[in-house]
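Two complexes, one shared chain (subunit A), two partners (subunit B, subunit C).
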Partner chain A sequence: MNKLIQNEMMKLIAKKRLVVIAIIIGILVALFTYAQFKENERQKEKLGTDDWRTIIQQTIIDQQNRISSPRISDEWKQQLQIALQQNQYYLDHDINPSEPGAPTFMRIFLENSIELFIPLMVMVIASDIVSSEHSQGSIKLLLTRPVKRWKVLLSKYLTLILAISLIVAIAGLLSYSISGLVFGYKGWGAPVLTGFSVTDAGLNTASVKLIDQWQFLLMDFGLVWLVAIVVGTLSFMLSVLIRSTAAGMGVMLAALISGAILSNMVSSWESAKYFFMVNLKLTNYMNGNPPPIEGMTLSFSMMVLLVWWCAGLFVSFYVFTKKDVY
Partner chain B sequence: MNKNVIKSVTMISIFFCLLWLVGLGWAVSEYYAGKPDKIQEKTNVEMKAEKKDGMHIVAIGDSLTRGTGDETGKGYVGFLLDEIKEKSKQDVRLTNLGISGQESGQLKQQIQQTEVKRQLKSADMILVTMGGNDLFRGGQGLLEFEAADIANIEKKFMENMNFIFQQIRASNSEANVFFIGLYNPFSELERGKEMSAVVRHWNYQSAELSAAFPKIVFVPTFDLFELKVNDYLYTDKFHPNTKGYRLIAERVASLLTW
Partner chain C sequence: MENITLSVHNLKKVIGKKEIIKGISFELKEGEVFGFLGPNGAGKTTTIRMLVGLIKPTSGSIQIGGFNIVGHFEEAMKHLGCIVENPELYPYLSGYDNLLHFAHMLDGIGEERIREVTELVGLRDRIHDKVKTYSLGMRQRLGIAQALLGRPKVLILDEPTNGLDPAGIREMREFIRFLAEEEGLSVLVSSHLLSEIQLLCDRVAIISRGTVITTDSVDNLLSNRERIIWRFHPVEKGKKVLRSLTAIEERDDGTVSTEYDEMKIAELNKMLVEAGVSVTEMYRKMPVLEDLFLELTGGDSIE
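Now for the complex of A and B:
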């Protein structure tokens, strides 16, 4: 088994996919850093100050004005209300929700990339890990060895998990080191509030906890990793099922993008919450953003993801051990 | 391919894999089992407002402060700001805390927030528009127009404003406060004359109230809109348009001392 994994690892490194992924992440992080920097500048110019309290106060006022506008839908109004209450809570307790610094940037980057960006990067590796063997014809060489088929597949899957862990780590390291050039590297100990819960009545602050940013980050990383694993497993399944890498990627891409779109519009279609792709934004449960469909909780989303994960894994192994290879 | 490279990449991956697992476990346990902290609300946040160079204008109030109806989006506050920037050499900083549809009762709440107090404290000039929503309630007031009701609303409004002005003076005893009076957007409608009488009385009371406080100046706008009200109103026939806001801004600008 060890040898098999080593073999897979060697193929992975030889393909230089990880390097490509690191370059993509690096470029995007640099772009986002610049955008964030510009945004800060603009805000400073507009408000004449970089005092975060003034900035939040203005955000609250803007939100209040948008809520009082009659042309706004009820759902959007409720979301604004929750965001507003959260801002007010930060302000009342004198905690800066976005302490300037690389760790905060990293947190925001993770929260925004959990749904689409990180899964896309994972797909780059996962979707051709099996199907490329078909297209190169090397699958026959692999299967003629005196090893059980499921062992071959398992070694590929374990390699995938390791690669995913590495991708998440690369995303973290790059976002920290690049944004730190502009925003500074401090801020690990900044206070972050978690434990907001969203109810029908609005934002519930009864169980709010104050934790250090590094703790919050570690939790975020855990959640991002879980999402990446589930998406990776499903792409892995497609890679087993569909011989063409491009087709497998297309299917997965469609699923992910539909998830991003659905999250914004499904609040009235309740059974959509059983799709894996609307459950990807796990970090929302940590920072108190309302879930796309009412009544979704962290355990619910994780259960849904686990069920899809199990199904994906089962199908992959079942099909791979049964199918004819020619 | 170097064996060591593969080994070390594998080891690093395993390390991160375990680390993320720990994070995941922690997230779940924290989400479900973490004990809530008692976080103190800080009501006396270093009230020492940062006193910087330049002028700080704070605008509070309703949609008029917001600039609703002005195509340029500036509102009278924006026009006034432009004018001050032109005349004054120093930096001017604006904090616009206006909320559309706000009534005096809500402003009373808003003004007691710690951060709003802090802003007021650092202000060199404070602009207030208030009353339109109390009196007209978006046009509804016109339909159910009862003298006794109006008297009640007016009394309540004056009480609220009294409290608000006290709060402002308590936070900041130096800044000039300009309280913008009401105009009658309905003067050319049926019963417009009656409404005008109500608005005049309202404004008179407001002026009296302002006079009771030091450096609070009541700024009349009734006369500005009296003759050709529709020229100065937005299509909703309630808020001023760009011209209307310009008029108000000019009037306030003429009161400024340097």
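Now for the complex of A and C:
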């Protein structure tokens, strides 16, 4: 099995996919860093200070103004209310929610890329790991060796998991090192609040805990990794089912983008919560942002993802070991 | 008795409701080149894909080196090397890395064997170049090197000379003969080109519409159908003489053919001469597989 994984790695490296992904991540991180830097500058200019208390005070006032505007929808109003209460909580407890520094940037970057960006990068590798063998015809050589088919597929799947872990690690490393050039590398120990829960009555702060940023980051990484694995497995399944890499990518892309759109508009369609793509934003639960559909919790989303993962894996192996290759 | 390396018994494949392969049986012996001849769409490729485990047979058995490929896939595949259609190796890897890749899938095959097969197919100088820079002939040779890595007993080559130039075809033919004669491999070669099978194979199975029409040695198939072609003067008189002695067949160019029988030829000639017919030409004609094939399949189309 080790040698088979070595084979898959050799092909992956020769295709230079990981390098391309690293470059894409690098460029994006640099862009975001610059955007964040500009935003900080602007705020400083506007408020005449870079004291976070003043900034957060100003944000709260903004939010209050928007809530009292009559043209805003009830749903949006409720979300703003929750964000406002959170900000108030931070202010009351004298904790800076966005302590400047590379770790904070990394946290925000991860939270914003969990839904679309990281899954897209994973998809680049996962969607052609099997179908490229078909389109090249090399599957005919691969499956006529004295190695059972499930072993061939398992080696590919394990390689995929390795590659996904690498992508997540690269994303972390690059976002830390590049943003650190601008914001400095400190801030691991900054306090972060977690455990907000959203109930019918609004924001519930009863179980809020204060933890160090590095602990929070560790959890974020775990969640990002989990999402990446699930999305990777589903792309992998499509790669087994659909011979054309482009078609497989298209299907997965449509699913991911529809997920991003759906989470913004399905709050009244309750059964949509069983789609895997509306459950991808796991880090939201950690921040206490309201879920796209009422009643969704971290454990619910993880269960949904787990079921999709199992199904994807089962279908992949079942089809791959049974199907005739022409 | 010679060793049987590959045996196929009553192999069938049904796709949907259509029976594509209708019960094929044949055997390969050690050291022989076996031809698999049929027009496009006769079921050659489907059969070969079943032999190498890419397609599951609906019924029937395939044994390679004594192991059934259904129950003992790994053991059976150890004795098999194959190229199905074109040798589609990884273009972005070097030739060496390709061989390394497939050596990893075999037990106990290391760098030494890779060097051996590289020498054997004469690719030593280019083995570290990327496969995408190879010519078709070189890819074909690399494909064979890959197939030989595991020291197989049976080599299956689907259309091995497809797309090669005449020199390449000749080289490939000599190489396949070498493998069978010197290394003792059984080689199964499929082709829709009759001339190729005729030059390359010891025995041949002719397949059409999913069934084997006949299996025999190439020599046997041909020798039964050798004819003698006569040209003589005056034509009508000569025909009359021959007709009284044996069955004759008139040909378009004014010549006459009779069955080849070593014992009777001299006699026939003597009778003609004694009757005052002057024989201007007589020669033995080997039929080409083309005619044979048309005869056997009743005109099923072939290229």
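One rule holds in what follows: the second predicted complex is superposed on the first by the 326 of 326 C-alpha atoms of A that agree within 3 Å, B and C clash if a C-alpha of one lies under 4 Å from a C-alpha of the other, contacts with A are read in each partner's own complex, and residues count from 1 in each chain.
The rule we apply is simple: a contact is a pair of C-beta atoms (placed from the backbone, for glycine too) under 8 Å apart; a residue touches a chain by one contact, two chains touch by 3 or more.
The structure displayed is predicted, hence computed values, not measured ones.
When the two complexes are overlaid on subunit A, subunit B and subunit C sit side by side with no clash.
Put simply, more of the residues of subunit A are touched by B, taking subunit B and subunit C as the two choices.
Once chain A of one complex is fitted onto chain A of the other, the partner contacts of A:324 are limited to subunit C, with no touch recorded for subunit B.
In the superposition on chain A, contact of A:143 is made with subunit C only, not with subunit B. Of the two partner chains placed around the shared chain by superposition, subunit B and subunit C are both touched by A:6. Of the two partner chains, neither subunit B nor subunit C is touched by A:241. Touch criterion met: A:48 reaches subunit B, while subunit C stays clear of it. Remark: in the superposition on chain A the angle formed at subunit A by the CA centres of subunit B and subunit C amounts to 160 degrees, rounded in steps of 10. Applying the stated contact rule after C-alpha superposition, one finds that A:315 touches neither subunit B nor subunit C.
In the overlay built on the shared chain, the residue A:14 is in contact with subunit B and with subunit C. After superposing both complexes on chain A, the closest C-alpha pair between subunit B and subunit C lies 7 Å apart.
Applying the stated touch rule to the two superposed structures, the overlap between the subunit B and subunit C interfaces on subunit A comprises residues 6, 10, 14. Those residues of subunit B that touch subunit A in the complex are listed here as 1, 5-6, 9-10, 12-14, 16-17, 19-28, 30-32, 34-37, 39-42, 45, 50, 52, 54, 56, 66, 91-102, 113-116, 118-119. Those residues of subunit A lying in contact with subunit B across their complex are 5-6, 9-10, 13-14, 47-49, 51, 53-54, 56-58, 61, 64-65, 68-69, 91-94, 161-163, 165-166, 168-169, 193-195, 206-211, 215, 218-226, 285-286, 298-299, 302. Contacts from subunit C toward subunit A in the complex involve residues 49, 52-56, 73-78, 80, 82, 84-93, 97, 100-102, 104-107, 146, 150.
Within the complex formed with subunit C, the residues of subunit A that make contact are 3-4, 6-7, 10-11, 14-15, 136-138, 140-148, 322, 324-326.
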